[in-house]
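Presented sequentially are two complexes of chain A, the first with chain B as partner and the second with chain C.
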Partner chain A sequence: MKNPYSDLAPSAFWKTGVVQTDKTLWPDLFVPKFAIEPETRVATAGSCFAQRIRQALADQNMPILDVEPAPEALQEDLAREFGYGLHSARYGNIYTPRQLLELLQDVQTGTVREELIWQRKGRFFDMLRPNVEPDGCASVREVLELRRLHLARLRGLFETTDVFVFTLGLTEAWLHGPTGRCLPVAPGVIAGEYDPGTYRFHNFSHSELLKDLKAIRATLRQFHKKIKIILTTSPVPITATASGDHVLNASTYTKSTLRSVAGEMAMRFNNVDYFPGYEIVTTWARDGMAYQDNLRSIRPEVVADVMAVFLDAYGLRDTQDSARRDAEDPAPAEDPEYLDGQEDDLVCEESLIEALQK
Partner chain B sequence: MSKRALMIGNSHVGAYMRALQQSDQDLGIDLECVAAHGDRLQAYTIEDGLFCGNFDDPDGKAARAGRKERARLADFDAILVTGMRFSIFHVTQVFRDLGVVAMDSARDHETAARNGMTLISEALLRRIIVDRLSNALAMDVVRDLRQATDLPIWVMCQPRPTRQVLVKGTRFGTFCSALERGSGAFISETYERLAHETCARVGAHYMAQPPETIDEDLFTDTRFMVGTLRPPFWQKNGRKVDFRHANARYGERMLTHLAAKLA
Partner chain C sequence: MTLPAKTVCVLGNSHMAAFVTASDQWAARWPEMRFIPFGAHGKSLECYRVEEGALVSDDAEARARLLALTGQDRLDLAGIDAFVVTGLQFSIFAPVRVFNQVSSMALPSVAGHRDAVERNRPLTSGALTEAYCRERLRATLGYRLARDLAQAGAAPVFLASQPRPAVSAREQGYKFAGFTRLHERGDGIWLSQEYDRIARRICRAAGVRYLAQPPRTIRDGLFTKYKFMRGSLRLAKAGNIRHPVDDVIHANADFARLMIDQLAAALDLSIVPAE
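For the complex of A and B:
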């Protein structure tokens, strides 16, 4: 007797798709809607985890766009500290769709606002990317001019990007009351001071996120008609919640809502795809722990597995090179120092909240 | 009574040694010198209070020039360090591609771009320059000396070059573009300020180039270089010229300032 499931591929069934499958390569888990060729111009943005995606692509010699490359005179560590080489521009981590949408609108209009500056010990910080100048700026004028430069470079980025990879990180955000702008980090964490009259907490709903992502897609298409978007959801749990809920509940809300809205975008639009990195990390079907001892940071070998699935799906992985690297790099995951070092590898404002916990 | 100082450095020690040889007046300082050309002092060691240059001197050239290969730190009242890549040259290079809003040539990002520069923050500029200065061989020596002795350590400013760096054949593009952009005063002030800061971080004092020896911020007045001839030098109109090493007159000014500080 025939039923709607009888002719489906093994990947459609839990037993063959999950229980019995290769849980490293995850065959057919990700079947891309569109190709990424070696010459495709890819840009990345998003939460801390987006830095991993960028690095994996860069390691395969993909032409990852970077419109604000580190000056030649900069050593690598200093460059990272000042937000160079983490994403395709110095926008820092973009945790929410609203943050990205507002950035795109700023690029379109060239808007730079003096109200969006924090102070700390006589130094001035761009509220919309405070972490890219860890020592702050010398003056308001300097903040504004560096932002104008940033926006000018971003116009070039969005006009030339073929594939934009955006990693969704958070639903919770802090909004600046007078301007309504969505901030990447709570006031008082890097600079500024929390004043309930000036800042308000907001936890984005599915419908708000969907609306923002649709607007992002439309805006990106105004820059480049043929742009394609790959959405991913960061598998890194949230550091803290201001929602009043337990952090486990809050994290589950955040990640499931982001996953859901990304899926809906991919279902609705041909030029939007979803990469299931979140699923690869968080599935209980995997052999061994995906997370490090803090239950937040993802083990490096798991990150490598995730990125291998991504690269393999596009036929981009240089497996010979990877095998050679693996051979030269003996079991890094078993070395506790190596694991400790991984946390510092990413530049993550969100983790600062934990550091400031009383 | 004269102070006894140990001078450690490279070819830039010449100005000081000659000043002591040629000066008519008592400069109030006696110098002993451990020096080797370029970076050849990089194999130096400090053990049991003995600074050892560990450089080759197969033909005895250094010895004939009065330079020693080793010196006991306790025999001196102060230690002077000069040259060894702690100089405005390495700072000027940074400004070839980078500018900050405090410079007229980079007052906004469009002006900076027109002048071939990328706008960065003053904070980042400071970190880049401090990094560069801190990585100079001179600073390695100072850091190790600081561990070995409580004596005052003075980093004696390597002189700016003469305007010869603007001339074809001996041209330094970084100085030319700095002059064209009108950035000389900013670069000079930045260098002096960060040189002080970098030295202070490692427990040393910085002796700035005397203002009267400076020509339009970025250069040394030719009067304080004429007569020197230390490699590397260039030919100009069939004559060898040296535009990077100061002469005895410069050394005398610097030592006079130093003596006042040590008194």
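For the complex of A and C:
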């Protein structure tokens, strides 16, 4: 007797697709809608986890766009401290779709607002990317000029990007009341001071996120008609919640809503794809723990597995090179010091909240 | 009554020659100081490290060079009352390189981000340019050696700025194009002050005292006046071998005399002017 499931591929069934499958390579888990060729111009943005994607692509010598590269001889650590080399421009981490949408609109209109500056000890910080200048700026004028340059560079980025990879990180955000702008980090964490009359907390709903992502897609297409988008959901749990709910519930809401909305975007639009990095990390079917002792940071070997699935799906992984690297450097997965150092590898404003816990 | 002389060890590369010459030529000017040199050309001192109260090296070639020039291939730190590190790339060249790659709003020639973009020097924050300059200066052999000496013992350590290039460097085309560009844009004096400020700051943080280039030797911020460069001598055992006439890097003994005067003042030692 025929039924709708009888002719489906093994990947459609839990037993063959999950229980019995290769849980490192995850065959058929990700079948891309469109190709990424070695010469495809890829740009990345998003939460901390987006930095991993950028790095994995860069390691394969992909032409990852970077419109604000670090000065030539600047040491890597210092460059990262100043927000260079983390994403395709120095926009810092972009945790919510609203943040990205507003940035795109700023690029279109060239809007730079003096109200969006924080102060700390006589220094001035761009509220929309406070972490890219760890010591702040000497004056309001310096912040504004640096932002103008940033927006000018971003126009060039979005006009030339073929594939834009955006990693969704948070639904919770802080909005600046007078301007309504969505901030990457709560006031008072890096600079500024929390004033309930000026800032308000907002937890984006599925419908709001969907609306913002649609607007992002439309705006990106205005820069480059043929742009394609890959959405991913960060598998890193939230550091803290201001929702009033338990952090476990809040994290589950955040991640499941982001996963859901990314999936809906991919279902609706041909030029939007979803990469299931979130699933690879969070599935209970995996062998071994995905997370480090803090239950937030992802173990480096798991990140490597995730990125291998991504690269293999596009035929981009240089397996010989990877094997050689693994053979030369067997330590990372075993050495506890190496694992401890992993968190420092990413630049994450969100995790700063934890440091301020009373 | 003459006090017992303080032993000052001058360490460095070819720039050490000016100090050695000045200390010989005007020995009576600093009656309370006795100078001993320790160094050799290029990066010979790179092969040295502080170990158990001495500067030592495992590199036979470097040791041979120092032995030939100074008569010793290791330096016992005990008994030395002050160290002066000269040359070894601790110079205004580092910030000049930085400000030829990037710019900041602090530069007098930069009115906004467009100026910077048009001149192909991306605008960065003053905080970044400062951090970048600090990083470049800290990477110099001069800084590292001074820092290590300061960590090793109680004697004060001075890090002397390498002289700015001669004014005539502007005529040497591409080699000094970065200096010329900054000068022509009117950024020279600001950059000179910024260099001294950053140098002083990083030295202080390392427990080292910074000896800036004397203002009266400087022209337009970025250059050294000809009278303090002309007739500079090579670092050579034979002595009295001049650098070529088109040398724009090495200062002469007149320059070093002013530097040693600063050192004497910092150590509160007397300076006896020539009659």
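Keep in mind that, in the parts below, the second predicted complex is superposed on the first by the 356 of 358 C-alpha atoms of A that agree within 3 Å, B and C clash if a C-alpha of one lies under 4 Å from a C-alpha of the other, contacts with A are read in each partner's own complex, and residues count from 1 in each chain.
One rule holds for everything that comes next: a residue touches a chain if its C-beta (ideal position, glycine included) is under 8 Å from a C-beta of that chain, and two chains touch if they have at least 3 such contacts.
These numbers were taken from a predicted model, which means no experiment stands behind them.
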Worksheet item: Putting chain B and chain C on the same copy of chain A, do they fit or clash?
Response: clash
Practice prompt. For A:E142, decide between first (touching chain B), second (touching chain C), both and neither.
Written response: both
Worksheet item: Touching A:E72 in the superposition: chain B (first), chain C (second), both, neither?
Response: both
Discussion item. One more residue to check, A:A152. First (chain B), second (chain C), both or neither?
Written reply: both
Worksheet item: Touching A:F82, do we find chain B (first), chain C (second), both, or neither?
Response: both
Practice prompt. Share the list of chain A residues that count as touching for chain B in one structure and for chain C in the other.
Written response: 71-75, 78, 82, 123, 133-139, 141-142, 145-146, 148-149, 152
Discussion item. Which stretch or stretches of chain A touch chain C in the complex?
Written reply: 68, 71-75, 78, 81-82, 123, 133-139, 141-142, 145-146, 148-149, 152
Practice prompt. Show which residues of chain A lie in contact with chain B when the two form their complex.
Written response: 71-75, 78, 82, 123, 133-139, 141-142, 145-146, 148-149, 152
Worksheet, complete the sentence: Seen from chain B, its contact residues with chain A in the complex are 93-94, 97-98, 100-102, 107-109, 118-124, 126-128, 131-132
Practice prompt. Enumerate the contact residues on chain C facing chain A in the complex.
Written response: 97-98, 101-102, 104-106, 112-113, 116-117, 122-128, 131-132, 135-136
